[in-house]
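For reference, the structures are reproduced in the following blocks.
There are two complexes below, and they share subunit A, which is joined by subunit B in the first and by subunit C in the second.
Our next item is the complex of A and B:
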C-alpha cells in the first residue's frame, strides 16, 4: 500500500506544483518576461496567510490577504521593474537579473520579518484520515487536486471566452498585431501578471498547511516552475499543468527507492532528460523561426 | 587589524577569480549560470582530497581540481547548450540544487555536513603557505594569472567568436562557426578556472563544508559580476570588493541587529541588482546602456520571442 500512499501524496504535491507552474507559464508564455521572482510571490503569499492565521483572522480573510499580496507583488514588479526595462531595451537577461534581484530581496525581507525557521499552519483539514489500511490522506489533498482542476478550467474558460483572455493568447503569438489592433501590450502584461500571481495562492496556502514554510522555499518553487514549464513545453499551459503533476508524482514515488533528500535530484533528472531528448517538451509546438 | 585586512584581501582575491570566470561566460558568451558555486565547490573538494591523499603541492592540487570541474561542467554544458538561454538557467539551477545534496550526503568523499577538516596548507616549491601575510601575495598572483589568461582568451579569435555568438547566434552560425562547441569550451574553461579558486580556498581555510558552495554563493558571485559590470575587465573585481566589504561596513552600523547582517546584505544586493538593471544595465563599470546583451535575445513585448526559436531548435 506504500505506493498508493505515495501516489496520493504525489497528487497533492503535484497539484501545488501544477498551479504554480501554470502561473509562471502564463506570464512567460504571454509576455516573454522571465519572471524569476515568481517563487518569491509564492513565499510572500504563504507567509501573509501564516501571518493572518497567527493574528487569529478567519481563514477566508487570510486567503484574501494572501491573494492581495501576491497580485500586488506581481503587478508592482511588472509596472516598476519590467516596464522601465522594456522601455529602454528589455533583453531576456536584463529582465531575468532584475527579477532575480527582487526575488532575493523579498526572500530575505520575509526571513527578517518572520524568522528563517520552519513554520506551519495547523488546521482541522490537515489532519490525515484513514481511507484504507495503511493509507492516510488529509482532506487538504483532495482540496489541492480540486483547486488545480477548478483553477485550470476557469483559466481555460477565461483565455478562450473573454476579451482579455483572447487578447492574452494573441499577445503570445504576435505583439505587433496586438498593437496594430489597437490594444496596449503593457496593459495586457499587467493582466497576465495579476492572473499568474494569483495562481500561486492555493498552492502557497496548501503548502503552509501541509509540509510547512521557510523563506528559502522560493528557489525550490522556482526550480519546479521552470522545470514544469520546460517539460510541459514553453507556452503550453496544459503542458505546465501536466508536467507539474508529473513532477509531483515522480518526486513522491521516488521515495520508494531513494531517501527523501534526493527528491530534488529526481526533478533535475527529469528536466535534464527532457532537455536532452525532447527540448520542445510534452506539448511544445514545433514553431518555425 | 593587519591580519583582518590581509584575510579580507585573500577572500577578495579568491572571489574575484570566481567573478572573473563567471563573467567570462556571462559577459562574453551570454551564458547565465546559477551553478558557479558548484565548480568552486568541486575544485575545493577535489583540491583538498588531492592535498590530503596525494600531495599538497599546488602543481598537483590545482590540475586535479581543474580536471574534475572541467569534466563535470562538460556534463552540464553538452546537453544544455544545444538549446537557448532559458534552458541553461534552468539546468544550472537544477545542478546547483543537486550538487548541494551530493556535497552534504556523499559522506565517504565530502565528509557530509561536517565537511573536510585538516586540509594541508598549499605547498609552493616545498614551502607551506598558510599565514595570511604569505597567502595574500599568492592569491594575488593567482588572480593576476587568471586575469591575464581570460584577457588573452577574450582578445583571441576564440574570444571574438564568443562575442559574435553573444551578439547574434544565428549570424555566427551562418558564418560557419560551430556555436555549441564554442559555447561548451567556454563553459569548461570557466569551470576549470573557478576550481582554481576552490583549491586556494580549501588550502587557505584548511576546512571546507557544503555551506560555502550553496546557491547563495552562486547568487553572490552573479551579483558581483552584475553590480560591477557584465562584460567588463575590472567590473567583476570591483563587484567582489564591494560585496565582500559590505558585511564589514554594515557591522559598523550599530543599530542593525548582528544576526540579520547576512539577510540585510542579501536584500541590499538583490535590490541593487534590480535598480541597476532599470537604470544602468551595464553595471557600475560598464557603459550607461547595456550594449552587450542588447541583441542577444530580444524578449520585450513587441519583439520576436526567442523561445519560439528555442522550440524550433528543439523540434529539429
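Our next item is the complex of A and C:
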C-alpha cells in the first residue's frame, strides 16, 4: 500500500505546487515579467495568515488578510518596481534582478517581523486519518485538491468569459493590439499580478498548517513554480496545473525507488527531459519561425 | 648619549608594554544569524554576550573584551568567507564556531593561521580530529548515541528507524547507530536520508510507518528537524521519537507534536554550589526569564575559557595569540567553568556525562544521566 499512500501524498503536494505555479504562469504568460518575488508573495501570505491565527482571528478573516497582503505585494511590485523599469529600459535581466532583490528584502522583513525560526499553524485538519490499512490522509489533502480544482475552473471561466480575462490572454501576444482596442496594457498587467498573487493564498495557508513556515521558504516555491511553468508550457494555465500535479506525484512516488535526497532531482530530471524532448511543454504553443 | 638612548628605549618599551596590556581584545563568532538555522545563533549569542558582560564587569582582562559576529548561515562556504574575514581583517586569535559542516570547513584555516576555533554547538564525532587549534566544549554525538541506545533497549525500543540529514552530522549518527544498536540487542530497521534543503516529509512518514519501528531517531537540525517531527506525527507515525542535543532549542521544545520526544544533552549541574555556575544561572534566568540550555552554557564557557587563558598570558606578559592560547591551555590542568571544574582531553575535547531528557509540556525534563566514553 506504500505506493497508494505516496500517490495520495503526491496529490496533496502537487495541489500546492499547481496553485502556486498557475499564479506564476498567469503573470509570466500575460506580462512576460519574470516575477521571482512570487515566492515572497507566498511567504507573505502564509505569515499574514499565521499572524491572524496567532491573534485569534477567525480563519475566514485570516484568509482574507492573507489574500489582501498577497494582492497588495503583487500589485505594488507591478506598479512601483516593474512599471518604472519597463518605462526606462525594460530588459528581462533588469526586471529579474529587481524582482530577486525584492524577494530577498521581503524574506528579511518577514524574518524581522515574525522571527526567523520555524512556525506552524496547529489545526486538527492537518492530522491524517486512516482510510485503509496503512493509508492515511489528512482532511487538508482533500481541501488542497478541491482548492486547486475550484480555482482552476474559476480562473478558466474568468479568462474565457470576461472581457478582462480575454484581454489578459491577448496581452502576452501583442500589447500594441491591446492599445489599438482602447485597453491599457499597464492596467491589465496589474490585474494579472492581482490574480496571480491571490492564487498563492490557498497553497500558502495549507503549507502553514502542514509543513510549517520559515522566511526562506520562498526560494523553493519559486523553483517549483518555474519548473511547473516550463513543464506545463509557458503561458498555459492548464499546463501549469497539470505540471504542478505531475511534479508533486513524481516527487512523492520517487521515494519507492530512490532515497529522499534524490526526489528533488527527479523534479529537475523531468524538467530537463521536457526541455530536451518537448521544449514547448505539456500544453504550450510550439515556437514558430 | 648612550645612557640617554638606553633610557629612552626602556621608557618607550615600558610605555609600549603598558599600552599593549591595556589593549582591548576581540574574539570572533561564526554563528547562523539568518536563514532557517538563525534560531541557534540567537541561543548561542545569548551565552556569549552574558560571558562578555561578566568578564568586563570583573575586569578579568586589562582591556575590554568584545565579540565580532559573522553570519555563517550554518553553511560551510559562507562560514569560510566569514572565517577569512575574522582571521585576515579583524585578526581575532580565537573564533567561536558551531555546526559540524561549518566547523570542519573552517578548521583548515584555523590550523594554518594558528587561530583557535572553539565549537560549542556541532556534535559530529569528526570534530575531535581537526587538529590542535580546534577545540570542543561540547561532548560529541557519538557519546550521545552511545548513551541513548542502551536506554531505548532497556525500554523495549529495539527496532529503530533513522531519519537523518545527509551531511557530516547525519552520517556520523548513522555510523554510531550501526555500531551501537547490535551491542544493545537492537536493529536499524531503516535509514532514510534527507537533503539539507528538504521541507516536505509526508512521503518520508509513509516509509517510516511501513518499516514499523519502535522508535524513530531524528538526526537533523534547525527548522528541518521540527518539520520532520510535525509531519511524522501529522501523517500517522506514533512510534517514540528520539533526537540528540540539536533538539534543545526553544522552537523545537515548544512544538506540540514534539511532546514526549526523548533527546540527549550533556549533563550540567545547574544546582552546583560553585560561584561561577550560580552567577551564570541567576543572571541568565533574570535576563531570559527561563533556565539556560546546554548551548548557552557551552558558549558562555567558551568565552570564559578565553578570558581565563588570556588572563594567564597577560600575567606572564605574553601576547594573546592563537599559539600562546594553545600553549596556555595545554599547560593548565583544569578550568573553573559553569558546571564545575573541567579539563580537556588531549584532542581538545571536553568530556562530560550525557543526560537523557523527555519533552514534557514544552520543556526538557531530565530522566537520567549516563557516563560514557
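A few notes on this one:
Just so it is clear, the second predicted complex is superposed on the first by the 286 of 289 C-alpha atoms of A that agree within 3 Å, B and C clash if a C-alpha of one lies under 4 Å from a C-alpha of the other, contacts with A are read in each partner's own complex, and residues count from 1 in each chain.
What we mean here is this: contacts are C-beta pairs under 8 Å (C-beta built on N, C-alpha and C of every residue); 3 or more make two chains touch, one makes a residue touch a chain.
Bear in mind the structure is a predicted one, so any value in this text is a computation, not a measurement.
The superposed arrangement places subunit B and subunit C in clashing positions on subunit A. In the superposition on chain A, contact of A:102 is made with subunit B only, not with subunit C.
When the two complexes are superposed, the chain touching more residues of subunit A, out of subunit B and subunit C, is B.
By the touch criterion defined above, A:264 lies against subunit B and subunit C together after alignment on the C-alpha atoms of chain A. Legend: residue contacts after superposition of the two complexes on their common chain; A:171 is shown touching subunit B, with no touch to subunit C. When the two complexes are overlaid on their common chain A, residue A:120 makes contact with subunit C while staying clear of subunit B. In the superposition on chain A, contact is made by A:276 with subunit B only, not with subunit C. Residue contacts after overlaying the shared chain place A:93 against subunit B, while subunit C stays out of touching range. In the superposition on chain A, contact is made by A:226 with subunit B only, not with subunit C. Residues 108, 111, 116, 220, 261, 264 of subunit A touch subunit B in one complex and subunit C in the other.
Touching subunit A in their complex are the following residues of subunit B: 30, 32, 79-80, 82-83, 85-87, 89-91, 93-95, 97-98, 101, 104-105, 215, 219, 222-223, 226, 260, 263-264, 266-267, 269-275, 277-278, 281, 289-290, 293-303, 305-315.
Put simply, subunit C touches subunit A in their complex at residues 34-36, 38-39, 166, 192-195, 197-204, 206-207, 209-210, 222-223, 226-227, 230-231, 234-236, 251, 255-256. Taken together, the subunit A residues at the contact with subunit C in this complex read 2, 5-6, 9-10, 12-13, 108, 111, 115-118, 120, 122, 126-128, 130, 134, 136, 138, 210-212, 214, 216-217, 220, 251-252, 255, 259-261, 263-264.
Partner subunit B is touched in their complex by these residues of subunit A: 28, 31-34, 81, 84-86, 88-109, 111-112, 116, 171-172, 175-176, 179, 185-186, 189, 219-220, 222-223, 226-227, 230, 233-235, 261-262, 264-265, 267-268, 271-272, 275-276, 278-281, 284-289.
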